[in-house]
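These are the structures, in structure tokens.
Common to both upcoming complexes is chain A, partnered first by chain B, then by chain C.
This part shows the complex of A and B:
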């Protein structure tokens, strides 16, 4: 059966009031994020293969892909954030390499990762203001 | 005074002009190129130097050390982050410096015109002598651009007045020295 381990893990995560769909994606609350990551690691979903964000105009979503070398499956975790005050807890204390992902999301979307003390620009030059991948950013940076 | 030109095997004309012609002839036939293969245009640029197209027939030699080069071929997308580095390269080259802009990206931004990271007016930052349109231009087009540049050099010499004053300023800016 497809995504067997992912389904099993999703059942285990039930206690964190997750919203799941049949493709193996779960929507979670940002306060439960860390616990969910830890539970996933215990169940061999121990690799953060990507961390990115999506701007849906009214709100934004931070998307985590937790991969498993053991089972060759991927769990997708989505966290909804408010557009005016985007704050998410950092996972860089769980996976140290998440720091670069978070810096990139921070500069492109302006999402603040709480407790990440190393939020500096990663790819953008200093003179670019604003968050280029947000929908309201002017096209080409031209007003 | 008689008309300028070659008469019965004797060159008639002003000495300075003659020297200028000779130096221009030398310049145009030995262009040492600092290449900037930043984007996909870079592939065509590199192909131009391979035996099949052989840019060396026109005296264009790709060389590693920018300080010994007098032609810079800008091929590809210049981003806002890269622009200071491009200026830095341009600044280190010998004078007179000639610039070829290869491809739509270097000319105006090309397909990435709407990107937040693109510099769409490279011409404002370094003086471009010849624009070669195309996405990417074929090696033949690059060779045509080189030929055009050579004609320009023969006619205008060191393209007088093209050495911008800012170039001197950059030199101080980047080396951290102060002008007295």
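This part shows the complex of A and C:
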């Protein structure tokens, strides 16, 4: 797969990358996230295509897919978060539509997006406790 | 001096394609503030996916949005195939396109009928559903289902089609094409429709990008983006079709985009039937029907569903169940900006705007 634009961007993000691979995935520290998003926007990756999280049992990862309406390449940015005290900075000040994605990840995984003042339940009813998409959450729901 | 009033609309509204609630603050006729609440039909589909086998989730992917089930099959099977490196035969690719475009027509008919009846044009509801029935009958004949088709299998499609079916599709498509053209003539020539939709729910190209909308909505704002062209999947790279886009950015432009798309879909269907390759489109025997174990890894894949870009992120841990499946549907992206579009508009235009964005609430809630 040709991913020239992604590679160029990854070279510019060299200083922030903890780990990277050839397919356009980089792992970064949460403190650099905003700088990375800004660099991406300046380099033709101006769209947040998707924002989600994955629970890997010992830790969790917040996954950002940055893309564009004009080309097909996608940069995957991953931020590792601690399971006990999960916190990442918000990107909803950069992309306003990140708000729903962040609210969903917040309620489903319990990850706190610092400075997002609008963290309310999006899909779940108010009375539900816990974070259903965490692996330890039972499939039948809580008692 | 007027007094502002708060109005709650929904979750059960007579004119809503699924339950969602709107909190509007109005000053006489004008909406000054709006807030939207979704989640009334949240079914935990992503959690369920983690507890099904890969193939066991295909029928559920249909139900993410039954108006667009084939396109949902596509993103899911495509993700597994990319992850496991499974090749799909040429005939299967063409048949997938055929089914997806028939589904796009169904989805656009449901939108056309429901939306125009919301605007007070009841005939369109009957016409839309009458024409949709033609395609549903074709699906019944070819694949067996009417709403939740489950046309796809990992590595192919569920059933092949016969010569008779091909002839039937040719004939039905003929009728449908004439009617779509007629509807377009009626709408472009009707002053009531034009007055109700022109400059209503306006979104400039820049705003559309800032709001992150997808599909016919962003194409109605002049951005010519379509995953079928941008990142072709199935057989779209071998087919000749245009991506309609209009510069208006209003409800009228979005209507025209969808009507043109229906004509493009018909064009694609004809090409598929003309050039349908020989061979067996069902999955080969070496692909297990039940226990597929893609290797450890992850994939991010997209399809252009009827409502816009459907994005899927699938993580595998090497077992026979998805480790994580994230689905970001087009409605999720198109619904979030609704409050912003409503501010400054008249309350009477509420459904003209909401309808022109074409929601499937079940897909947004999952």
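Basically, the second predicted complex is superposed on the first by the 138 of 143 C-alpha atoms of A that agree within 3 Å, B and C clash if a C-alpha of one lies under 4 Å from a C-alpha of the other, contacts with A are read in each partner's own complex, and residues count from 1 in each chain.
We take it that a residue touches a chain if its C-beta (ideal position, glycine included) is under 8 Å from a C-beta of that chain, and two chains touch if they have at least 3 such contacts.
Fair warning: this is a prediction, and the values are worked out from it, not measured in the lab.
Engineer: Clash or fit: chain B against chain C, after overlaying the two structures on chain A?
Structural biologist: fit
Engineer: Under the stated touch criterion, which partner chain does A:72 make contact with: chain B (first), chain C (second), both, or neither?
Structural biologist: second
Engineer: May I ask you to decide whether A:139 touches chain B, chain C, both, or neither, giving the answer as first, second, both or neither?
Structural biologist: In the superposition, A:139 touches chain B and chain C alike.
Engineer: Let me test your reading of the model: by the given contact rule, A:127 touches which partner, first (chain B), second (chain C), both or neither?
Structural biologist: A:127: touches chain B, not chain C.
Engineer: Please work out whether A:99 is in contact with chain B alone, chain C alone, both, or neither, and reply first, second, both or neither.
Structural biologist: Second partner only.
Engineer: Under the stated touch criterion, name the partner, chain B or chain C, that contacts more residues in chain A.
Structural biologist: Partner with more touched residues of chain A: C.
Engineer: Aligned on chain A, what is the least Cα gap between chain B and chain C? Give it in whole Å.
Structural biologist: In the combined three-chain model, chain B comes within 5 Å of chain C at the C-alpha level.
Engineer: Residues on chain A in contact with chain B in one complex and with chain C in the other?
Structural biologist: Comparing the two interfaces on chain A, one with chain B and one with chain C, the shared residues are 123-125, 132, 137, 139.
Engineer: Flag every residue of chain C that touches chain A in the complex, lowest number first.
Structural biologist: 38-39, 42, 44, 46-47, 51, 209-212, 218, 223, 225, 230-231, 300, 302, 309, 311, 313, 315, 323-324, 326, 328, 332-333, 336-337, 365-366
Engineer: Can you tell me which positions in chain B touch chain A when the two form their complex?
Structural biologist: Residues in contact with chain A: 80-81, 113-118, 120.
Engineer: Under the definition above, what is the set of chain A residues touching chain B in their complex?
Structural biologist: Checking each residue of chain A against chain B gives 123-125, 127-128, 132, 137, 139-141.
Engineer: Which residues of chain A touch chain C once you look at their complex with the stated criterion?
Structural biologist: That would be residues 46-50, 52, 54-55, 63, 65, 69-72, 74, 76, 95-97, 99-101, 108, 121-125, 132-133, 137, 139 of chain A.
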